[in-house]
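Beneath this line is the structure, given in structure tokens, with notes to follow.
Chain lettering (A, B, C, D, E and F) follows the sequence in which the chains are written, and residue indices restart at 1 in each chain.
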Amino acid sequence: MTGGLTHLNAKGEAHIVDIGDKAVTQRRAVAQARINALPATVTAIMGGALKKGDALAVARVAGIMAAKKTSDLIPLCHPIPLTKVSVDIEADGETTILIHATAQTTGQTGVEMEALVAASATALTLYDMAKAIDRAMTITDICVLEKSGGKSGDFTRPSLSEK
Amino acid sequence: MTGGLTHLNAKGEAHIVDIGDKAVTQRRAVAQARINALPATVTAIMGGALKKGDALAVARVAGIMAAKKTSDLIPLCHPIPLTKVSVDIEADGETTILIHATAQTTGQTGVEMEALVAASATALTLYDMAKAIDRAMTITDICVLEKSGGKSGDFTRPSLSEK
Amino acid sequence: MTGGLTHLNAKGEAHIVDIGDKAVTQRRAVAQARINALPATVTAIMGGALKKGDALAVARVAGIMAAKKTSDLIPLCHPIPLTKVSVDIEADGETTILIHATAQTTGQTGVEMEALVAASATALTLYDMAKAIDRAMTITDICVLEKSGGKSGDFTRPSLSEK
Amino acid sequence: MTGGLTHLNAKGEAHIVDIGDKAVTQRRAVAQARINALPATVTAIMGGALKKGDALAVARVAGIMAAKKTSDLIPLCHPIPLTKVSVDIEADGETTILIHATAQTTGQTGVEMEALVAASATALTLYDMAKAIDRAMTITDICVLEKSGGKSGDFTRPSLSEK
Amino acid sequence: MTGGLTHLNAKGEAHIVDIGDKAVTQRRAVAQARINALPATVTAIMGGALKKGDALAVARVAGIMAAKKTSDLIPLCHPIPLTKVSVDIEADGETTILIHATAQTTGQTGVEMEALVAASATALTLYDMAKAIDRAMTITDICVLEKSGGKSGDFTRPSLSEK
Amino acid sequence: MTGGLTHLNAKGEAHIVDIGDKAVTQRRAVAQARINALPATVTAIMGGALKKGDALAVARVAGIMAAKKTSDLIPLCHPIPLTKVSVDIEADGETTILIHATAQTTGQTGVEMEALVAASATALTLYDMAKAIDRAMTITDICVLEKSGGKSGDFTRPSLSEK
């Protein structure tokens, strides 16, 4: 590894690391993303009291399908047979949309990247649908909230557990 | 359109909007993403004075390739024949990595989404390579900085021009 | 060509035919697919009076995204920059769901296959979501209803115009 | 689940359902599709007594490759490592082509969708190759004929076993 | 550019070069690949006098479909709307199979990579089908034979024109 | 099988062969490719004493990502969850670049095709980056060097072990 980066060998060259000897366990990760937008944009997307229209479903599907493309997007990710993917979208105040994505597998490596890709793609799809009315939206706070399974142990993001 | 969202028709149903009558012009967009990480992580990725190893190149390629997959990731995006894609990665202080992605086309619709997807995929790929040493990294401030070409006119993000 | 099949050369070998000299025109095609199912299945999918849930949006998105993958699925199809894709889903009596898919491009070849792929993928996605409650569903009557643009002239399916 | 649809949660939101606790068993599905066409079209595709040309091989390959893309086409399908795929194409009278597709896996979920996607893509590919000589072809009777493996038990389509 | 490599900028960073100002012209490239194999392998693939079986059609389709994936495989290639792709496979003596692939587009950049990818994928697919009977096959002499269209002028491989 | 080709059934029709009853073992393959080029091209790619620039990293990533797409490129390949992929690139004299690709899996079928696809895509990517300065490059000697795991036993290419 180079500079502590496990995906680079001693010469600094990228590779997909060998996981052939790791245990097959149930693995799960939850990631989030947040969109900061105008109040009118949040209302347009979330649908107010009526919740009509396909906006949320389209974004959810985009996140789910993106999770399945993770190893095609992130060069050094192993291909993983996901056993579950879900995406939740909710308003978090008047100017924020909060996205949670959960990925699970029974395999030899973790699914943080799959959860992060799902959350990011969901956010980008909402951005795409709303960009004509709000070009200055920002996608923020993409991070892993929880992770379980595997040798490196369980992880819960500190700032989260304190809330 | 529903609630101002152009990607939904009057019944709230998602579709890829008709751009067949829009003008073919040169279009360009620049997007950014930011990674907040531990100082040691920023050093491991950016390589300090030595800049050795593939980390930045891998992330750059991931961003560039992701830009070409935009219409496969974002459900209502038109497929676009990109004429240029580039990605820049630099340290921005001790705990931040700043990514800029530029996309261009000669076509009937803009390339904000391609630039945003490139910036996001670059950030996620850096996250993947460094996650073994810093699980609490956050990807933030994904937004469009500039956009030109097309009927809706040029756009420069206000907070940017004030800097 | 072999046996009248334009996609095979004189020796019977498959190729992607040369369209480099064809005119660039606006091209449009509408295709349909039909699902025969139990009345309870049609109600579960179409949502009765309430139309709640993501089922229709998921199927619509699947059809739209599949249209963009047509040249990746159908070996001898040219890659086409689609300018519009839409999918409509409606109940047609108690035991039938009717799907219409529309594709458009400004290019050198038609978009029948894109419309057919969208209609088929929409139907298959509805099948997937409902198969746990109705394994005996059948997808039928996949055909092109209308086609316009290009040298071969406009086409409206006879049985349709007679209805 | 919503309205009996397992792919929607209690709020009607789409997700990829958790199969992490399902048994790993050998699973198999057979699906069919049928093309109704002019007699001359059936002859052109099936090749009469001579069976020359690539038409059937191209369609077979398209079906096989599409089966491997099922989880990329059908939003809520799990990615599945297929252990076998085959496609058979035969004339069924003067105006019909009959397609059977078989998919197998050793895994935690069934392969009906893979078999259905293979049969559909085979039919669509034959349509593509013959559309210049017969625009009014129809693809019909896409359904699952048999299914085995998994908790829900074996299934043979009633109308089939009666024939 | 770095060291004469146009795909790297002055800092040595990879990018997709800007072709937005290049002329739209008809562009064509022909590439070859060669497989060296045991005589029995060449006979098994080429079919001898009978030419039965799908082997050549499968390899041809693989080459054609791979050409359409070129910009997804080669990181710095522009996505190109191909207007024609064809692949020819013939025996060249008792121990060699010779593959020619032709790609065409009307666009702003050349199609050498598309032709090379088609020829390579055709060869790899033949290898896959024959590897159980001949593990020591070698794929050689992959190169561009001809190229036309675009500012850099026409090119015919010298060694070829001398033959 | 037809003419000894396992991927064709008795009628000569292509299929993905059934591996459902094969043992799950650790499988590994090493493949090579070689690029013959002008001395200046080898220097531009390999970077001389300085090894600066992204060229090698881009090619390495292209090979690694292509390995993950093998079952999408080679029609009759099974999809395989790779557990490791690496690519090495070195100069071999003044006019040759030598590429080694290693692929590993724990599964029911071998990974020769994944290693061969990785080596080929690495070579094609180097070709793409250098083609503006050396159009007459040739990619040669693509072959499997070693293979282990599975019923057919280990294999080391004879010409290699003699060196």
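By our rule, a contact is a pair of C-beta atoms (placed from the backbone, for glycine too) under 8 Å apart; a residue touches a chain by one contact, two chains touch by 3 or more.
Being a predicted model, the structure only gives us computed values, none of them experimental.
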Which chains, if any, touch chain B and chain E both?
-> C, F
Shortest contact path, chain B to chain F, counted in steps | 1
Residue numbers at the chain D-chain E contact, same meaning over half shared and different meaning under half, come out as same
Through what angle, to the nearest 5 degrees, does chain C rotate to match chain E on its C-alpha atoms?
-> 120
So which chain is the furthest away from chain A, centre to centre on CA atoms?
-> E
Whole-Å gap between the CA centroids of chain E and chain F = 16
What whole-number Å value describes the gap between the mean CA coordinates of chain B and chain C?
-> 32
Residues of chain E touching 2+ other chains?
-> 13-14, 54, 56-58, 60-62, 65, 69, 72, 75-76, 81
Inter-chain touch pairs (all) | A-B, A-C, A-D, A-F, B-C, B-E, B-F, C-D, C-E, D-E, D-F, E-F
Chain E contact footprint on chain D (complex, rising order) = 54, 56-58, 60-62, 65
Of chain C, residues touching chain D in the complex = 2-8, 12-14, 40, 43-45, 47, 52-55, 57-58, 61-62, 65-66, 69, 72-77, 112-113, 116-117, 120-121, 123-125, 127-133, 135-144, 147, 152, 155, 157-158
What residues of chain D sit close enough to touch chain F in their complex?
-> 26, 56-57, 60-61, 64-65, 68-69, 81-88, 104-106
Sites on chain D touched by chain A in the complex | 9, 13-20, 71-72, 75-76, 78-81, 107-108
